[in-house]
Amino acid sequence: MTLLDFARGIGLQIAMLVLIVGLCWRFSAILLLRQRPQLALSRASLLGQIAGGAAMIFSRSVPRRSFRRRIGISILLSTIFHVGLFTIIFGGAPHILVIHQLIGLSWTNLPKGVVVIISGLTLAAMIAMLIRRIVHPVMRLLSTADDYLTWLFVFLPVVTGILLSGETIAGYETLLALHILSVEMMMIWLPFGKLMHGVLVIASRGTMGFNFARKGAAT
Amino acid sequence: MTDLASLADDGLVDALLMEVAAMLGRLVDKGETASIDLRGLPLSFSCIANLEQRLGRGEILVQLDAAGRSELRETAFPGVWWTQHCDEAGRVIAMLIEVNTIPDILRADPIDMAASLRRLAGVTHHAAFRQASHA
Amino acid sequence: MVESETLGETLQRRGFSRRSLLKFAIAMTSSLALPPSVAPLMAANLARARRRSVIWLSFQECTGCLETLLRSSSPTIDALIFDFISLDYQEALMAAAGTAAERTLREAVAANKGEYLLAIDGSIPTKDGGVYSLTGGRSNHDMLMEFAADAKAVLAIGTCAAYGGIPKAFPNPTGAVGVEDLVTDKPIVNIPGCPPVPEVLSGVLVHFISFGKLPDLDDRKRPLAYFGTTIHDQCYRRPFYDQGKFAKSFDDEGARQGWCLFELGCKGPITHNACASLKWNGGTSFPIESGHGCIGCSEPDFWDKGSFYTSLAGGSATGWRNAGLAAAVGIASGAAAALSSKLRAEPAKPRPENKP
Amino acid sequence: MNANIKPPPPAAKTPDAGQVALAMQGFVSDFGPTAALALESCVHCGRCAEACQFYVQTNEAKYTPIHKIEPFKQAYEREVSPFAFAYRMLGLVPKVTGAELETWQSLIYDSCNMCGRCSLICPMGIDIADLVEQARHGMFEAGLAPPDYLGVLAEKEHATGSPFGLSVAKFQDMLHAIGAAHGVAMHVDEARADIVPTVSSIDLKTYPGSMAAIARILNHMGASWTFRTDGFDADNVSLTAGDRAGQRTTTLGIVRAAIACQAKTLLMPECGHSFTEMRWEAANAFGKELPFRVMQITEFLAEALSEGRIRVNKVHQKATYHDACQVSRRGGATAAPRAILKALGVELHELEDSGDEGWCCGGGGGVALINRAAPLRDKVFQIKRRQVEATGMDTVYTSCSGCRQTLDHGGKATQWNKSVASLLELVANNLKD
């Protein structure tokens, strides 16, 4: 069995199972905690609260105007990084294939050149974010091993993906194996580290939007 | 993407032409011959066509019929040859740019010449015999 | 042994000029990725070279490899090279049979001890004492070990000889292995492919005959000149891959336009072979040119790497049943964690009052 | 450590093991899915620092909002989080120590106004202000509320229902005296009334005119109303101190008083946190939806003005407005004060950051009641000072006595020539006869 066979076979299966167990575990352990009902008269109807929750899932992606000046760099880097990552994952032809194989959905891919350029930008943003995390006093204070590990587990697939696209350093087979393995490492890490925010963000923003709609508070 | 590809082609062709110029320089200065194996380079069809066009055509075109056809053509730059060898089935088995006063393969080989001398002697003798018998 | 004539003499006798030999040498240096300036030397060496004894043993195989090599295009010098090597023993081709054949074999080995090339096609069964493939009552394993001992080098021709091939496919009932798993003290050249590209074998032989040594090999003992790149690297459809233009089915517009077959399971990117440059049937075509993806037949265990039609991007994901099971385990664990947290956290809190 | 922050009084000892255990118990008893989601979601992006007046004015990383609840988060991870058992077994998250709690006391109390600007900037939708409120519960229960004014007041409120320990008789006397002084008829402890106004202890102490103003307006409207001495002081210092029991006692006292006179509307004074408490938390303490409306005074005035129940003379004035965080950003009543100013014909010149995005005066979240926090509070006040000065206005209206007091103090400390005024009093002074 070659490294690629392992990555595409048993490795992928293990990663998926760990991912599913971890996601369900973490989510249920959070959501099954005791919820106290809110009895005060709401400013919004239940539907309005749900709409508020749904709206905040999107609206919090764009910071308020008055905040933008102070967090400009953070917005710039994280936007490039997140939009870049999304574009790579959902625009790259091989990635669409994987999704197609898993759930049967498919759409038109972006040209490879475009994906490679975006990957480069994403990578640059990631490196800048790491430097900022190390240098900026606030981020350094807040940062834990989780932050750096998570960075690494996202960084590796991006790097191996770029190397794979150019087929530099090693052959396609080796690079493909490393790329898939790095993604599997990320999948395994996802439920246990900060990467989980990619999933939690919906619940977290949705909850705040729901609660704030109840109070009519600023969103 | 097509534009990008042709741009990359142009770059490769330019690089190859510079290499050819360097080789020709060595032929002029030191009498060194050299060749480039075009099939050993990652060149697209369009790139090869482009290169062939840039080198142009000179005064000599030689066709060789030895275990399949070959075509050896002087380019617009004397001393630079465009050569292509095919096998008996007509498929290209080698394509080169040769930098030489004349491609080596055109020179008659001593062993072949020795053999032809023997054959020639036979032919001559036969003719003389016929002429003598007529007289 | 009688001193045989040189290749130069043979060619001359058959009416091939020295130009033809030089031309052949030019083509061979190109094929072997040697610098063009080596061609005159190769031609001179070939002209001086004398016959080499080759002993060819067939093990667990289908004779496809041999067929391919025998049917290589036109009667050119390639063919002559095959003529020129002295195929002293090849069961399928030789006229002699039975004990006469056995005698030929012994004589050839004795006469060329340490100098002959041993060519193998087919894999070697190792299970149950190798009983699954015997020649004259002797196991393939025994014969391989015996004749490899006095060989100059061993050529493993075809994927079966190189890596075990289809006989080794799951569940490998005969315990099939490739030559390199058994022979460890001799130079080995793997020429994998199911079947292998015939020009590769002639290239290896020409190199061996003209320079007296084997060509440069990669880490899988394959001639670097032919296996140094992947099908994907040399594929004429590569620009479509780079542009992200893929055929989605074998009869869609993309397929008609000749777009990349990656999504239809082409294994070109992980397959090292020379099909895309040398092509097949006298340079006519190769599978991708005919509209089908590469199946990766020259790679180890190609038969067991999932469907030929599953793209390389994916993998064998876990089934819905396992996913469901995993989800259940996750939720149960999460619920247990939440419960234990509740128990740990619960203070004796006053109940909210309903009456003022 | 900021040189301007005084170290805790020398008498304060590092919390002992028992206190740490109490704090932990207090921390972990609060985690529902909302708080858990919040703590699980933080990506350590640091943006909340840039929204926080304490960080912005000091540039000290320790004032990063999410960092202020670190022990609370640590308790969550060790005791409640999905993988808590692994964290404990593998020692990935250390136990919270007494020394840490001691350090965090000043971060969690002195340097947080619970103003919710951080909750507004957080890209993950974490209500950090809410987490601070919850974290203070554990701190208080371990006896770690600042051994200062705030702690003292909370204790008194816990015991008497009023942070100043005012007795019912004393309060009755005060109200009548205020009525007499301002020439307005007072309604006190009537058996039935539609509207029950409450007061803030800051009003009692500093701005008694505001009580006269409420009386004048309600009389003008011809409303059925009464002050109830059995439930009048809505201040709820306990909330900001983290005293759940005191908070509950105070809140339920007011609920009972309003129910006793069959009130339809409970009117909250010009005060921020008390509105939050009565509007959103009282029903939970009471165990079901309240049988009356809870309205902040600006909401009430805006509604009455729009319905024509209050008629006012136009005042031709230019002014700026300072939003109380708990009323505007957190309370959903941002529009109300602006409607009132418009009805009065006041030309409003907004602050650079106003409405939902306004900065806290620096006194919110009980910080105004922590004496040792005064230097830090004054630094924070500078933002407001700059923005008010940038408008060129001489008058700042506000509808929170806490803000008003903080702005007054800040102004006094820096010889500021601006006047800080109550929106309620402005309305009361310009009623049509």
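In order of appearance the chains are A, B, C and D, and numbering begins at 1 in each one.
The criterion applied here is as follows: a contact is a pair of C-beta atoms (placed from the backbone, for glycine too) under 8 Å apart; a residue touches a chain by one contact, two chains touch by 3 or more.
The structure displayed is predicted, hence computed values, not measured ones.
Shared contact partners of subunit A and subunit B, listed by label, are C. Centroid distances built from C-alpha atoms place D farthest away from subunit C. Legend note: the chain whose CA centroid lies nearest the centroid of all displayed protein CA atoms is A.
Across B-C and A-D, the chain pair carrying more C-beta contacts is A-D.
Subunit B and subunit D have Cα centroids separated by 94 Å.
Subunit D has its Cα centroid 37 Å from the Cα centroid of subunit A. Subunit A and subunit C, compared by their mean Cα positions, are separated by 42 Å.
In subunit B, the positions touching at least two other chains are 1. Within subunit A, residues 25-26, 29-34, 111, 113 each touch two or more of the remaining chains. Subunit C has residues 233, 242-243, 334, 337-338, 341 in contact with two or more other chains. Those residues of subunit C whose C-beta lies close enough to touch subunit B in the complex are 8, 12, 16-20, 22-24, 26-27, 29-31, 33, 35-37, 40, 47, 73-77, 233, 239, 242-243, 277, 282-283.
Residues of subunit A touching subunit C in their complex: 1-2, 4-5, 7-9, 11-13, 16-17, 20-34, 93-95, 97-98, 101-102, 106, 109-113, 115, 167, 171-173, 176, 180. Contact residues of subunit C toward subunit D in the complex are 334, 337-338, 340-341, 344-347, 349, 352-354, 356.
Remark: subunit A residues 25-26, 29-41, 43, 56, 60-61, 63-64, 66-67, 70-71, 74, 78, 133, 136-144, 147, 192, 194, 196-197, 200-201, 203-209, 211, 215-219 touch subunit D in the complex. For subunit B in complex with subunit C, the touching residues are 1, 5, 34-37, 39-40, 42, 44, 64, 66-68, 70, 85, 87-89, 91-94, 96, 98, 104-105, 109, 111-112, 115.
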